[in-house]
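Encoded as structure tokens, here's the structure I'll be asking about.
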């Protein structure tokens, strides 16, 4: 267990920022521009992997850029959870970029340079959040992420996009400024520290009322996590192009929200405080539980593929929050594992949704009857992705849900077990019939069915890669569990 | 020579203005470089003073050398440079210098053929503002107040049309403010017989039941409130700054109100004292409510406006609420926030008005509806504008974030939750306005990069305006990153000592 | 009450100030506002002069006999007087600028009436 | 302690009268009348101040408040209109302001019991800093008129700024009125002011003209005396400057503005306005170059053949002249602008 002073975390963040600059400069030469992204992504991945052995040994990599306020600095620290999250975001950046090329280039979409530029900035910000050593740095990158993704959401620049973008910002900026920021300042004013620490920052005997208020402010303040009732920005943001929905609204942005909540719960409040104060734990679990069930129910009613996926995402995010709220070892481990598992599953689904739209112009589930026979590759990938989200073997989702279920039994909140199970059933209910009908029903829309054909390789291959990832995660879950284990070791004393 | 630095800060623009009044007739082209030179001298001196004062403590300068007469009281006029005002002096002269560089093209087009005395008046305005910030004599402060006010009436009236009435209203309100201030000075003088701030701070008892001193305090306070457009005395400001020529507004808007806030801080914490303020248990909550009201009303009215300049003016009104509120929280983070915001807000407002000036220069007006496609026409300007608005909203790591940070911390410490709520509300309102502008300027237009849509010609503001704008905008970020240094080396020494122990 | 009579000057100051303020705020005519402003200012000057007054004092010019050892009690306070010299000059300067603006406004709107001018502007 | 001098009753009468005049000036519906009553109000004020020993202030107010200010108002009205249009309504607003102002007045009066008695020579205002000037002015500056020494030396910075205020007012009014109308003038037939004979209005009174022609030289002589002798008697740069300005304004009023403009063209006039403050500021600057602080005339002894106190005395004279120049020409320029509505051709 060493703390290593290292500049590598900063390099990791800077790589994609530099790439963003190059993208802006090379805008006129699309091939050069996109190769830039790949080079950056590979370098970034390499740097991250170089940190992995150390982190798995229990080392922490730290770097303090500058002190901005007394006792609050712009500082980075890489631990297992951060590294895991960064790895997931960066490794998924590569297939998404391939997919974007496949989707945007044939359409001759406008402002591709802006698109890739903002994308790179968003990745930088997400990694920045992952590596933040304190709440302040985290908040900084959290806001940067909101702002850099706004142009991506409004990419189409039509009325729908503007409306969606407006909602996106109102919710994300509004909650973070009105709730998270004051909560953070109050924490600073009460404790004089914002560093994430084992056991939290609050002194013993801090009034429970204050803690409850702060907790609620944080939970809702990080609205990227999609806790109800601050969730509607996510379905609204589905106006974005498919790759944006895929990487950002299944992985980077929403997971940043959840990640921030994990950090606050473990590093600011502390797992012990959570476990020993029933009211805190209950609030987290109840809020997450309600969101979980309600979101799954709403997902059932959605006909638009992307909306259904969006509500599914909202539900799955609450799995993670609920897992942390349980405040048990296996609960937290399960929650940690659920980040990569769900990421791979959901991105597969979104990529498929994009591919489906490109292949046969279908946006709605009801138009999909029988399409599976026309586009078998895409639908197979979709099937694997949905298995992963539901949590069935042989996909990674099974592993994380296993730990979550175990965690719920060990905790004082056994009702969570029922919630998990119900929700998983609901997941199955909104995914499987869809897949079944796609393969085995007769076509509902003959004209579309006739014209449909498998989309170009550049769009299908990324989906297949991530689908493969879902399966591989199941077999290599042991490696991932090491990350979760290290994180639990760091933050849970008992 | 360093001993003379305090007066050089004032003399730079003062002498430049006097000489410019000659060259206005003899060599009209010389007026502008003269004024820029004067401001540059002033800025250099002020900057040097920041370091000297941070190292060695306050510097006192006696005009006419009437200070060391072995008399208990200073018989002449004294100017004082201490940690409370070095930063402000630098800000005022720096922003004035940058704005003067920026304003040349604007003045040539907006005031074509009428600019004879413009630069002289501009320089005199800056003299007045610097004087208010540097003087150590409460009557001298009044004279500087009037110098700044008279030159700003003229600078505003340059706008023609509705500017005359706006300027006249400002004149009536401004004179009223100055008179209330002077009357307050009389009430202080009648009890203590001296006008020197340092002497007064020594003899005004901290817990004095004297009604005269109290009335004097309230009068002075009302006077500076009128000058700074604090709610409910804000009526004159939006019209005055909106109808003024953009070049005038770019100097007035960031500086004039801030300097009045400084005067309030000086009176509150140097002439009177922290204990005195804390003793005013009846007044403190009222002022805090007024601050909240200022922020809320400013935000609300900025939402209802359709003119960019008008919106910016209501921002100023709400920002004034920040500073007054912060000062009246009378605790360490609150005061730190107010003092830091003094500098930060001057920089932000300056950047905002510079960006608006660039837009006005090209588009001829600043109605929101006219902004369609402006992001494609003037990408650099709009980038600066967006960063500035982000600073006003309080997005880290710009300076706006840190002032808000301290203010909220102060309010939380004092338990004044309505002030916290108002601060957050104002952030949100500014965010709404920013995105409304982005929508209109960026999204409400057929994207020129899509085939078939007409290309929007790039029509950026001239470089002489663009460079200062961008520099100021980058300054906002630099200021934000320098927060800790500023707070720990300078502002900490400006906050009353009782709070920092 | 006795105090009120002893400090009669100050009462007059307050009355003048009220008159001045009232006409600056409530009068609609721009010239009247300017006159009100001047009255407010003279009121304040009266205040300061009253502060510096001494019973039985002479004007603040020393006689040759008093050069070496002036009696402070018999010479009027020069400080308040010079402050007020400044205030008078500031007053006339402000009045001049105010009148200049008023003239300009009149030539735009053919009126000195505030309401009428605002109505005109709204058109 | 109640002052028991007979002069006190006279003061009370004057104070009451002042209030009356103020009310009348504000309630007269004819603006010209209001201006005249306001002039009378200022004269009453002068008397009160003179009664309290403030001769210099009274002197200045007589020249500035009662003289020049009134002329400014009159020339503005001359250029516009003297009638007030009556509009109904607005009573509620006026009443509201009345209530607010009354409350403010009551608030101010609440401090009255806390004041030291009127005329008490030992009150803080009279006993803190002020005695220093009385005791040391002769030693420090050789100037027996304390007002002059405090004005131009002890608080010389205030006076520099005060001159700047006048200077600003002058260029501000010039900028507001003059510059714009300079252009619109072109559509009128251009008259050469210098060569065209002054047009006399036949209604002008010959007596007034002759009388003023006779008086002006004496006024100017007196004004010069006031400036030069300010060290020893009431007066100084301001009073002298205002009287000089007023003498020229008198000429303009009794004859015609054109008559005056034949002698005073725009450019030299405005240059002279600036030269006064320039003189003042330069004297201050010279003190810095001779090793003192700004406006420390004492340090001029290295270039003047006197001791420090005498150097101060000379310094005071120099700056008083500067003040005089600026004030005189500013008053003139402001009057010309106001009277001709910025056209610099004809007017009151």
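Some observations on this one:
Which chain is which? They are A, B, C and D, in the order written, and residues in each are numbered from 1.
Methods note: a contact is a pair of C-beta atoms (placed from the backbone, for glycine too) under 8 Å apart; a residue touches a chain by one contact, two chains touch by 3 or more.
Keep in mind it's a predicted model, so treat the numbers as computed, not measured.
Between chain A and chain B, the least number of touching-chain steps is 1.
When the interfaces B-D and B-C are ranked by how many C-beta pairs touch across them, B-D comes first.
The distance from the centre of chain A to the centre of chain C, with each centre set as the mean of the Cα atoms, comes to 70 Å. Between chain A and chain D the centroid-to-centroid distance comes to 75 Å (mean Cα coordinates, whole Å). Centroids of chain B and chain D (each the mean of its C-alpha atoms) stand 31 Å apart. Chain centres here are Cα averages; for chain B and chain C they lie 29 Å apart. Residue positions 139, 143, 146, 150, 153-154, 157, 164, 183, 189-190 of chain B are each in touch with at least two other chains. The residues of chain C that reach two or more other chains are 17, 20-21, 25, 51, 80, 83, 86, 90, 93-94, 97, 101-102, 104, listed in rising order.
Viewed as a contact network, the protein chains fit none of the simple shapes, being neither a path, a ring, a star nor fully connected. Working note: touching chain pairs come out as A-B, B-C, B-D, C-D. Taken together, the chain D residues at the contact with chain B in this complex read 107-108, 110-111, 113-116, 123-130, 132-133, 136, 153-158, 161-162, 164-165, 167-169, 171-172, 174-176, 179-180, 183, 267, 270-271, 273-275, 277-278, 281, 285, 287-288, 292-299.
Across the complex, chain C is touched by residues 139, 143, 146, 150, 153-154, 157, 161-162, 164-165, 167-168, 171-172, 175-176, 179, 182-183, 186, 189-190 of chain B. By the touch criterion stated above, chain C contacts chain D in their complex at residues 2-12, 14-23, 25-29, 31-32, 34-36, 38-39, 42, 45-46, 49-64, 67-68, 70, 72-73, 75-86, 88-97, 99-104, 106-107, 111-113, 115-116.
Contacts from chain B toward chain D in the complex involve residues 4, 7, 11, 14-15, 18-19, 21-22, 24-26, 61-66, 69, 71, 73-77, 113-114, 116-118, 120-121, 124, 127, 131, 139-140, 143-144, 146-147, 150-151, 153-154, 157-158, 160, 164, 183, 187, 189-195, 210-212, 214-216, 218-219. Chain contact summary for the complex, chain B toward chain A: residues 333, 390, 393-397, 402, 404-405, 408-409, 412-413, 420, 424-425, 427-428, 431-432, 435, 439, 442-444, 447, 449-451, 480-481, 483-484, 487-488.
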